[in-house]
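Think of it as A, B, C, D and E in the order they're written, each chain with its own count starting at 1.
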């Protein structure tokens, strides 16, 4: 492998990521399953980096899962997204920060469609006005929140309390990156580093001391497949795709998986549990499983935040061995607490070392 | 040296072969099926026995068939077989008549000269001696030819001869030594005693003039006896076993036993009855047109006899039937090959000879390949029709033949239904040719069902491959006709009005129609009705295969083309305007092989139909449409 | 009075340029051959053997060298033609470095550039050690050693057709014509060099348009047992054993297929030469949608530039094989001579 | 019958997604669905490109258009700039509009998606809400989720959120916002599509003799569509092949 | 790589991979057929055989695709395919490369039988 080849490609896909003043839109999946990630994204940006991130409580789902589940028409989702643009316009923001990769893909698709078929933009303006009386301006930039963390990765590295290295040996951790399909496969220029060798997570991992593993099924979909997961009978598809990835990465003995898509994070975590239940197979060194972390969680760990405040315990694959390896002292006893701080009974069957 | 001891090798050999033959015959008889046993028993006391004797005399001794094909080869075989026979007969008479006593043991006749060295000096014996010398010379002349054939087969008009196993070689050597050693033994004996006739006498005195004849003679009597003994011992395990077995075969055949579809003692007898004469090799187009010289029937039978893996040989045959046509022993080579194809490869090569045959006989016909499955075929409900026309798979590749048949039948006012107009099901013959009868039966049942349900009285097909299987393997009420027969019938009935085409044509007998089904005259009658029919140098039962045969599973396309080119060249030697065949496969094959126009007999007849006036044509096509709609 | 021979400048010293220059020189014209590289010869310099007969490329090279070595030819190397302009007295030519030349006619033979395989990112050229181009493979043939980057002997090689051709994603919708037959030729050469090495060609259509091409294709199957899989390779990656893993649809089976390769050869196509494109832009030559030079008439005037005294020869107009390039150059010479004599 | 191809061409995604296909198979090569189902996006695009009404109708009724997981990997690579995934989306939409989707097992599942994600959007303003992901129905979510779900308030609070609060993750979407969403659905045809799915599904339920309810998920037809699996999704059904063959002939 | 699993407690089944994994496929059948019928190599997948096929008019039997399966070492789909042919031989007459198509089927059937008996 010649690393200079990848650098050459990364150099060609440098998208514009704004410095400040973001209009934040949440992700249905991330806020439901990884609420800590969204909270810490805002916290890191606002508190650690001192950025202005605005969230309008009136923004809703983009309806993206419904759209890719084929029950929501394109015209409808365009108008829903246009409503978010209207909220941003009303608040005076021109840069959208999108938490969800499905949403990010939809925003990109809509912007591209409007570019190629201007009549669709006009129709959307009309529809939105007819439905809500709102008007909007097309935002200047859209960024996925991982783009923004990527942009400030060196700053985070400078403030790092922990690095992605084995604290005992000083060797870099072996990290598998997984990019949500809709991040840049549809429109390579919207992604940092393009579609084939995206740099968005690689950049973070390398800045924070880790090593990226390039394994054969690196680009393969996690298997969400929208209707393929949403309908019980189809879930084999979803599991099948993730399992293909695990088996491909397994020989490299990765310490963790980092993903920028909330869905992928969830599936790759959940399916490890399911595979263990069905086939009795646990991936990862000594059967500890391979922890699947969001980039916000990784950034949070690097900045020294409490892993249990980040929500690592709500993954089926627990990160205890990883935390130990990184030298992070985290008390396993304090994982599952009630509102009053008292310990809750620990769930059985978690994958932990 | 005790002079009488030398008869021991001969006696041992003779009694061995006699006992062996009896035992083997009994074994064969016992393993026959019940009906075949009955046939044989009935045959023994009836005409078949007499017929067999006649045939044995004509074929096994005189070799009449080989004589007809190739006089030199015939003479060779005749001189050896008939000559030896006469030598034994007249030797026995000589011993009984001129010897010390009558009813001598066989050795006495065989070694008569040794026991009677002075015999034949005068009178009748002297003349008899001339006769005996003549017989010996007769045999020796044949032997000379055999030696020449062995080393230069071309001189005998044969392109190839079969290769020998070591047992064959040993047997052959001993056979070849018998008569020269007898000649020398007798000559030395005669030389020592001043007896003998023109051959033995003269040679003997010449040899005695410079050699101690009396001392040398016993050595040659020993050689003579050992040669005979060795030959008898080698007989069952060499190709010369055919000599006794052929007699048995002739009798079995004349009793009405046929090959059938699996191995039996009859196939075993046939296997041993082959003399490897090689006639099959020289008529095989695979040999002389395509240069393939290791698959002919003689090799096939030899492989079978020696239980070699002959699956490649078995598959690589056109199944044209030319070899069977000329086989002097009358072995049913086609059915034999099909049996082997049904068996697949032969896996039991570790067994002893008798075990092997018993295994072969028991082996199931269907175990060969993954079972074909035509469960996907949907039963059809055909419309009723007097005449059912089945074009056949191959004919669908020659749509002009179908069009011609439609025109002919419409012109004759035949009410027919086109059974496979929208693509039918294969007739099953190609599967049978591949040795897969059980699977073929599935297709046969499917088609039979349609034919029966249609209530047709006549089933017409354009493809001789289908024709053969319809006739032989379908149980139908309908009369099966090849379209050449059917057209002939229409002409004879007077329902076809035909013009005369001023064309010279040559007719090619398709294998499955001619040799396969015996249809030679009807196509010729039809052709002669509409055009001038030229003769071809090889026709009717010796017609050439076009090379496109479905009988051959493995032949490469290039080789097929070579056979086709050669056949087309021979067929078109008389420069006909058109080469007519009656098989779509032959047509497609010949079209690639010759510049001469190739047509099916139906196309020729259709060309002789009066051109319809426009009004009639319109009406006709309207009628045809209605019919087609009805059929659909 | 002895007339001064007319002067023709040939822009580009590849196959077309050398042939055109040679033909003109032979007819007595004074020729200036401008070549951007160190030596004339063009892409042919990189080739080891030629399709369809696998003759050594050197045979054609020496023919062309002899042709261009004529005493009427003045070869200027390391120079490009920047601009040409017709004026009543002839054609003014501006060369790189600013020097000007005056000619009676100009033949543009700026040729093609090979597609830069880096641009097909998903194949990992320049990233994965054993992803090479057809030119790299030809260099291996020249060295007489066919091996992986680590020096081991490959046991399976895949040749990927249409890299940079027929691909909207890299802005090339045209077919480069010669890659299919090159792949077949190289596949045979691999099989001959390493009989135990499996060779697979991944193709979309086998465009065997030239004489003996189809026969070569047949030979590759029949004699050399080269395998063909119909499908465009989608991506390549490397597994833990440092073998390439490719994904393709076996479109004839209608199923996706995965295969490990030791070496993956990208059959890079032809694009309009950068230098030619610059010249065209400066001089006002028309370029087609495939960016190659668009001639006066596609059927009967494909050497004509539309500018008086300027003619096109060879692959600056379209992808071509050597045979066609030489013919095209000769036709350009005929057009030039007709123009000069008029 | 109306021209289905022109109807598809009205969908901007279709127009964008299909220009001309040369059957190179690059899409199928990396398609997760092609590896799992009897599915070949190349073939679907090729069939659509025939513009044959019968073929397109067969597709709209078939299982095959429902196999795609919309990862859109096909878009990245296509050398002709097509997007089979988008062609599929257009086909699926038309299949639902025309009610053909209930002809196939996988198509009928659209009803379940409408009753879950579809209803969620208008009811809660989210496609997915935590209190709707019942571990009973989603055992594959595993113990971590079960724990989270059973202690929703506490868990969310730990991560700095408030269930149905006024801001932050899983905040309550105000009624007036939901009204805006509903109006958008009315104006842009979202409601029509919902209705089309509901109507055709109800009809199908009746045809199949299954219990059907106008709301919720606790009835036979719903349970059937989410769990039915004929097991015949890996091989080409003979009858489908024959029909396509006949139509082409 | 992946085994098919029946419906489990999670309420769904998992299919086998349909991907042809060339490196784990069994090429013995291909080698057997190529050695017995060398013309097999010559197929360039024009589909003429399939277009004319008698059996193909009644079922999905597809010789062209079968040949592809053989080449890729995919034996499972072959097992059933090979039993559908009627050996009528029409394909032989249309093959532009002179492949002995009929024998390919016959030899393929033989190869599969041998494979089952562990004789390959």
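One rule holds for everything that comes next: a residue touches a chain if its C-beta (ideal position, glycine included) is under 8 Å from a C-beta of that chain, and two chains touch if they have at least 3 such contacts.
Since this is a predicted model, take the numbers as computed values, not measurements.
Engineer: Show which chains lie in contact with chain A and also with chain C.
Structural biologist: D, E
Engineer: Taking contact as defined at the start, I'd like the list of chains shared as neighbours by chain B and chain C.
Structural biologist: Under the touch definition, chain B and chain C have E as mutual neighbours.
Engineer: Could you quickly compare A-D and B-E and let me know which has more C-beta contacts?
Structural biologist: Most contacts of the two pairs: A-D.
Engineer: Counting only C-alpha atoms to place each centre, which chain is farthest from chain B?
Structural biologist: When every chain centre is compared against chain B, the largest gap points to A.
Engineer: Could you name the chain whose Cα mean is nearest to the mean of all protein Cα atoms here?
Structural biologist: Answer for the innermost chain: E.
Engineer: Express in whole angstrom the distance between the two chain centres, defined as the mean CA positions of chain C and chain D.
Structural biologist: Taking the average C-alpha coordinate of chain C and of chain D, the gap between them is 48 Å.
Engineer: If you average the CA atoms of chain A and of chain E, how many Å lie between those two points?
Structural biologist: Inter-chain centre distance comes to 44 Å.
Engineer: Just give me the whole-number Å value for how far the CA centre of chain C lies from that of chain E.
Structural biologist: Each chain's C-alpha centroid was found; their separation is 40 Å.
Engineer: With chain centres taken as the means of their Cα atoms, state the distance from chain B to chain D in Å.
Structural biologist: 70
Engineer: Two or more other chains in contact with one residue: find those residues in chain E.
Structural biologist: 9-13, 15, 17-19, 59
Engineer: Check each residue of chain D and list the ones that touch at least two other chains.
Structural biologist: Within chain D, residues 30, 34-37, 76, 140, 227, 229, 238 contact more than one other chain.
Engineer: I need the residues of chain C touching at least two other chains; which ones are they?
Structural biologist: Residue numbers touching two or more other chains: 122, 230, 235, 250, 254-257.
Engineer: Which of the chains are touching one another, listed as pairs?
Structural biologist: A-C, A-D, A-E, B-E, C-D, C-E, D-E
Engineer: Flag every residue of chain A that touches chain E in the complex, lowest number first.
Structural biologist: Within the complex, chain A contacts chain E at residues 232-237, 239-240, 243-244, 247, 274, 277-279.
Engineer: Flag every residue of chain D that touches chain A in the complex, lowest number first.
Structural biologist: So the residues of chain D touching chain A come out as 11-13, 15-16, 30, 32-33, 35-37, 66, 68-73, 75-76, 83, 89, 92-93, 96, 106, 109-110, 112-114, 116-118, 121, 125-130, 133, 137, 140-148, 151, 153-161, 166-171, 173-174, 177, 180-181, 183-190, 193-194, 197, 225-229.
Engineer: In the complex of these two chains, what residues of chain A are touching chain D?
Structural biologist: It comes out as residues 26, 28-29, 31-33, 35-36, 38-39, 43, 55, 57-58, 60-61, 63-66, 68-76, 78-80, 83, 105, 113, 116-117, 120, 127-128, 130-132, 181-182, 185-186, 188, 195-196, 219-221, 223-228, 230-241, 244, 269-271, 273-274, 308-311, 313-316, 336-339, 344, 346-350.
Engineer: In the complex formed with chain C, which residues of chain E make contact?
Structural biologist: Against chain C, chain E makes touches at 18-23, 34, 38, 41-42, 44-45, 64-65, 68-69, 71-72, 74, 97.
Engineer: In their complex, what parts of chain B are in touch with chain E?
Structural biologist: 315, 344-345, 368-374, 376-378, 393-394, 396-397, 422-426, 430-431, 434, 436, 443, 548, 550, 553-558, 585, 588
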